């Protein structure tokens, strides 16, 4: 590892070292709020570093990329971590979260996501994925007095461990087929001429299962609603955005170099895409738990992202990356609003808790409405432009049936988003005391809302940026 | 005097209506009435002053372009020719008298603003029909009288029945309007214009089938407004309105519109012999039907209503026989005597304190000889007493029919002659039951206000002397109306003096026969006959029930079906069903998430099996 | 003149109400202020639209005003606005009716600021729809109209408001989402044919498409527009939405939202897919005729005054679509004129039913009656607009209807004749409404306040417009002449089936 | 190479399936985690074999990564198991079904 590599790794190093430092600081200085604030700062620094520093090399140790693509995602996930910590300050303090550990874990997760997004080798992919998965096991069950949190942690742990087994075996089989971990050389085993095609395909099956589990594609999605429901709301936000987005970013890097074997995968991905869009939509229809509804909605959205991946080509990839950014903004925002409503005694995760809130808490009510409409794909919002770009790519690539199904799913999905809006604005207010929200939460939500609207109204700069950095 | 002033004839009633509408509430009651009367009187005066313009071809004036789009261009054109001028004069004159009468009649009413606004508007709409040289403007008036009749019949809206009668009038006549409207669309498609003069000029270029269809459509329109079979059911119910309104509808406006339309478009209509026969047949049948119904009616105004329907039938019959001048002649005399009869009937109702049922009246002759004599004058005209206006005009119509020496027209003539007998009978029955003998019940009558009195004698004079308008040469007359109308007067009647004498004698005989029959029956107060036939006639041959059962109820069922089944079950049901399917499908899928790790792991394994199976298939 | 056209009037037109809406949202607790702000902004917009109308009343071929800026270049989306005679008329109508909507909502008491913010947002969306010439921009505004209306119905509506709001949203979205796919498809076909990526109407026109492809794409557009119109059988959202919406919502729905469907067909549906459109005309006519009768019959039976008026809208829009289907100068001009007419009369009727509801607290026809004796002025206007609605000559609806009928008869006599028969049923249901509400014995409280000056002023202006359009519609037809003539050339063989 | 790659693959696949079967069949959390460990051991075996096949050390290095990762996972898992046992008094995996649907 050279000095140049270290410079290239600098933004991630900030996260990782900051994480370690805060962990130690927390042992002597148990002030949760301040530590989380410091964590946000560290993450913010990392964002700045990722944006400002031009690395001298494009790849680090043959494991991780350091090009613009990787830096984009580093900045994105560091930002997500910063917002998550901002959202967690009051939430954590009310639940007596150990500030140092929590902050360290979140920062470390962001580091793992950043590594995963820029992985240029299967080893890097594995390391990045495991780095934040292990952290999430702990974060999900972080609230020690909560049965649901423990159950969610267990479910994610067991499922995740099994998925890790599949991922590792998949990687091992792909390695067996080509003798290298580095991308895209490792993918050449799919070439029928190599003689190792069956092994490579077996490996891909394992790999897809593991990654499908992480981004909760149907039929590997069943854990998602339970875990979202049980996890602390800010963690659920991180889980829904960062962990899924990073895996998709890696998948994009993975498939970008895939030339010969792509045709083998398309029908399978097609099926997963359709199943995710439809099953997710139908399951969400009568969800009375907001977090579970968002979980199912995230399944649907991963279906859309998969559609963009399937469309391939520059348009598809641009659409995918844009969509991930848009999805991150609106989903994190939605979980942010839920976080800010929650009190020490519990979260406001049932629809009934939100009755008439639009008037009692107009700013957050409006923000939640913006996020929901954006998730539903109603213009002018980031969600609409994202979906629009995906549909262009999908139709361009000839996936007409997929696009039509996607549109139908999106139509049906409007129903469950509207249900929430109805509860927010069209029901008599109950006297459920909800928290007034802290300033940090407000800022995080406002940032997400601005991003959601801004990307909907003026998406051109981000689209141009993405078009330049996609592999 | 220029053509530019013609619009004043239309403008005065409209201004009267507008003035009362905007300021009526601020004015004294008398002033309101005065404004309304003055407006119509001014219109009549203008008509008289501008009379010279009507001579010969008449005068045409264009006010402004109403609609213009593509090839479609319609302007508000007025045609003041002999036909429209004479009609205008009659309408404005009679209306002025009716307005005056109404000023007295409505003395104790509240809300007279609405009444006079509508009354003026009614005259305005009628004048639009009369003066229009453009079918669309005519249609404006056509619908306008429909609306005004609706609002005036239902003037005493607090009673549901009255408002319903108004609605019935509007709806039934609107059915006729549809026929007229379709004819209008068709004429534009054929001629590229809606100008009446242009259409009449081009009519001869059209094919006979087209002409027949157009004639029938126009007849349909005329039937609606003129209450002819089968669109006649609204007229008897229209008695729900105040009496001046009835007088206006029956005498000056509305019902004569249909006849006038056919006269106006006579050059077109006359080109279709079959169409003419249809017009004559409808007229004759309506006349007979209405006369038979009038025999059994118990309400004074209903008797008069059926008599109107019958008399208008005569006019249609005349048009069908090609005798436009005869039709117009009868239209005028009828206007005079029917206005007189209605206004006298209004006096009767006033005197009896609002009683309408003739079986409870009687002996009024002693109570008010003034009303009796005036009513009798009108009745004599209606019954066709020799030398009255009605006698000459009716006679001329029957002569015109007889002169067309075909079997069909002879049949029509026979029907007309029978109707004339029935007319004499029901008229005298009415007179006897109201005025003869002793009062059958006790009334708290009101005194007659001045205007209600002095408007009657002039009308009586007009009615009795109306024959002079178009006195046939047989009686030494010059047929002024016929001459004045010139080319618009329709087909000339060719009949020998012998035939004319014979028919006149027959008419006189029938009149006296009718009188004698009634006198014999009603010398002493006799109980009203009961039984199936009187009941059948009383109900107007059960036409209302027929409409109710044959049209209204099926319509309601159909509409209900469209609503409940079409919109409700078929469309919403399907969509809601699809929605429910989505929801229940979602519920089922949700149940897969059992919350148990073993299920989740199994699903993972199944996913693996599927993927492996797919890849295995790919490899093999 | 050049200086005049250099000012971005169209953008101002859209962004003025948008800014007003945002300001209202910010100030939403200052209710009185929001009310006046909304009034001021809607006045401003109306004055602007009236000024544009005055400036361009002579009409002319092509775009009277045009704006074109880059927006999302990577996707080929541009910000293009344009005004021609057809949109001019509808923009004027929008400016006017939004003012009416603000005025009839003066008494909204709950969440006033929010309410007016939504109204202004709605105005921005509607104006955007009438002005946008880039398909994606159009789609954006198209959906933007949806959200405020959803809230207006759902928050301030009557008993079944949530059902109605969701139904409205889902119905319209169902159509428009498929249209979005078709828009994208068109864009890709254009790119594939060698064009630069674009969604601009002018670029996408005249594309060579295979017949089946054209039919499919057209069908997607058609569905979106017909749902909005609405034409039988996709009309069932309308009675619910209109009935449950607050008065201003009903006024806007009937007066403006329905027009966007027809406008969309004329502006986009027909020019983009001329062959498919020409083939669809007889079917449109058939559906329109079915709609005229079906809706009129159902309207006749409605127990709820507002629902009756709502169904009457379906019937009236049937006439408008029939005019399109007839596809000749007279009929299409009549259709566009009739849209304005219907907006005014039905808007006024909804406003009146709303005023009655404010006083009587019921809209059921059998619970009302004898209003003439209690509130004669209100009743007068009720009768007046009912008469206009049933097509009494001299009032506005007749002017539009007769043009449509004349045109339809020229294209196909059966269409014209059949549609004419519809006027009987129009009279039947309107008179039933008038009968039940105005006539009969008086019911309920003895004394109700008659029209306030604010209400009276709105109604008087509406009534004058109704008379103006009924007696001398020439000023409103003039700007239509050339756009319609240009439009008629779009379809093959003049579109005559 | 003494042992053919196919044999190694067959063996490790068998081992992996056995681990998976253990995960699927067992209801006890500890047993499920043991199953996962068996699966991961199969992975290690494959990697070492492939490393030998291609004459590259990458595979063996990865095995070391894997072992480190596994130990971390196991420590978290066991902590979780202890914590769950204390909260609920059972280690039956399906007993934790408070959230569903």
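The letters A, B, C and D name the chains in turn, as written, and every chain counts its residues from 1.
The rule is simple: contacts are C-beta pairs under 8 Å (C-beta built on N, C-alpha and C of every residue); 3 or more make two chains touch, one makes a residue touch a chain.
Keep in mind the model is a prediction, meaning the values are calculated, not measured.
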Middle chain, criterion being Cα centroid separation: C
Of B-C and A-B, whichever chain pair has more C-beta contact pairs: B-C
Centroid distance [mean C-alpha coordinates] between chain C and chain B, Å: 37
Approximate Å spacing (C-alpha centroids) for the pair chain A, chain B: 78
Chain B-chain D separation of Cα centroids, rounded to whole Å: 97
Centroid spacing, where centroids are CA-atom means, of chain A and chain C in whole angstrom: 43
Touching two or more other chains - residues of chain C: none
Multi-partner residues of chain D (each touching 2 or more other chains): 20, 23, 32, 93, 96-101
Residue list for chain A, restricted to those that touch at least two other chains: 154-155, 158, 162, 166, 225-226, 415
Chains that touch, pairwise: A-B, A-C, A-D, B-C, B-D
Chain A contact footprint on chain B (complex, rising order): 579, 582-583, 585-587, 589-590, 592-593, 595, 597, 599-601, 603-604, 606-608, 611-612, 614-615, 618-619
Complex contacts: residues of chain D adjacent to chain A: 5, 9, 12, 16, 19-20, 23, 29, 32-33, 36, 39-40, 42-43, 46-47, 49-50, 53-54, 56, 58-59, 61-62, 65-66, 69, 72-73, 76-77, 80, 83-84, 87-88, 93, 96-101
Chain D-facing residues of chain B, complex: 590-591, 593-598, 601-602, 605
Residues of chain A that touch chain D when the two form their complex: 123, 126-127, 130, 134, 137-138, 141, 144, 147-148, 150-155, 157-158, 161-162, 164-166, 168-169, 171-173, 175-176, 179-181, 199, 225-226, 229-230, 292
Chain B-facing residues of chain A, complex: 154-155, 158-159, 162-163, 166, 197-198, 201-202, 204-206, 208-209, 212-213, 219-220, 222-223, 225-226, 264, 267-268, 279, 281-287, 412, 415
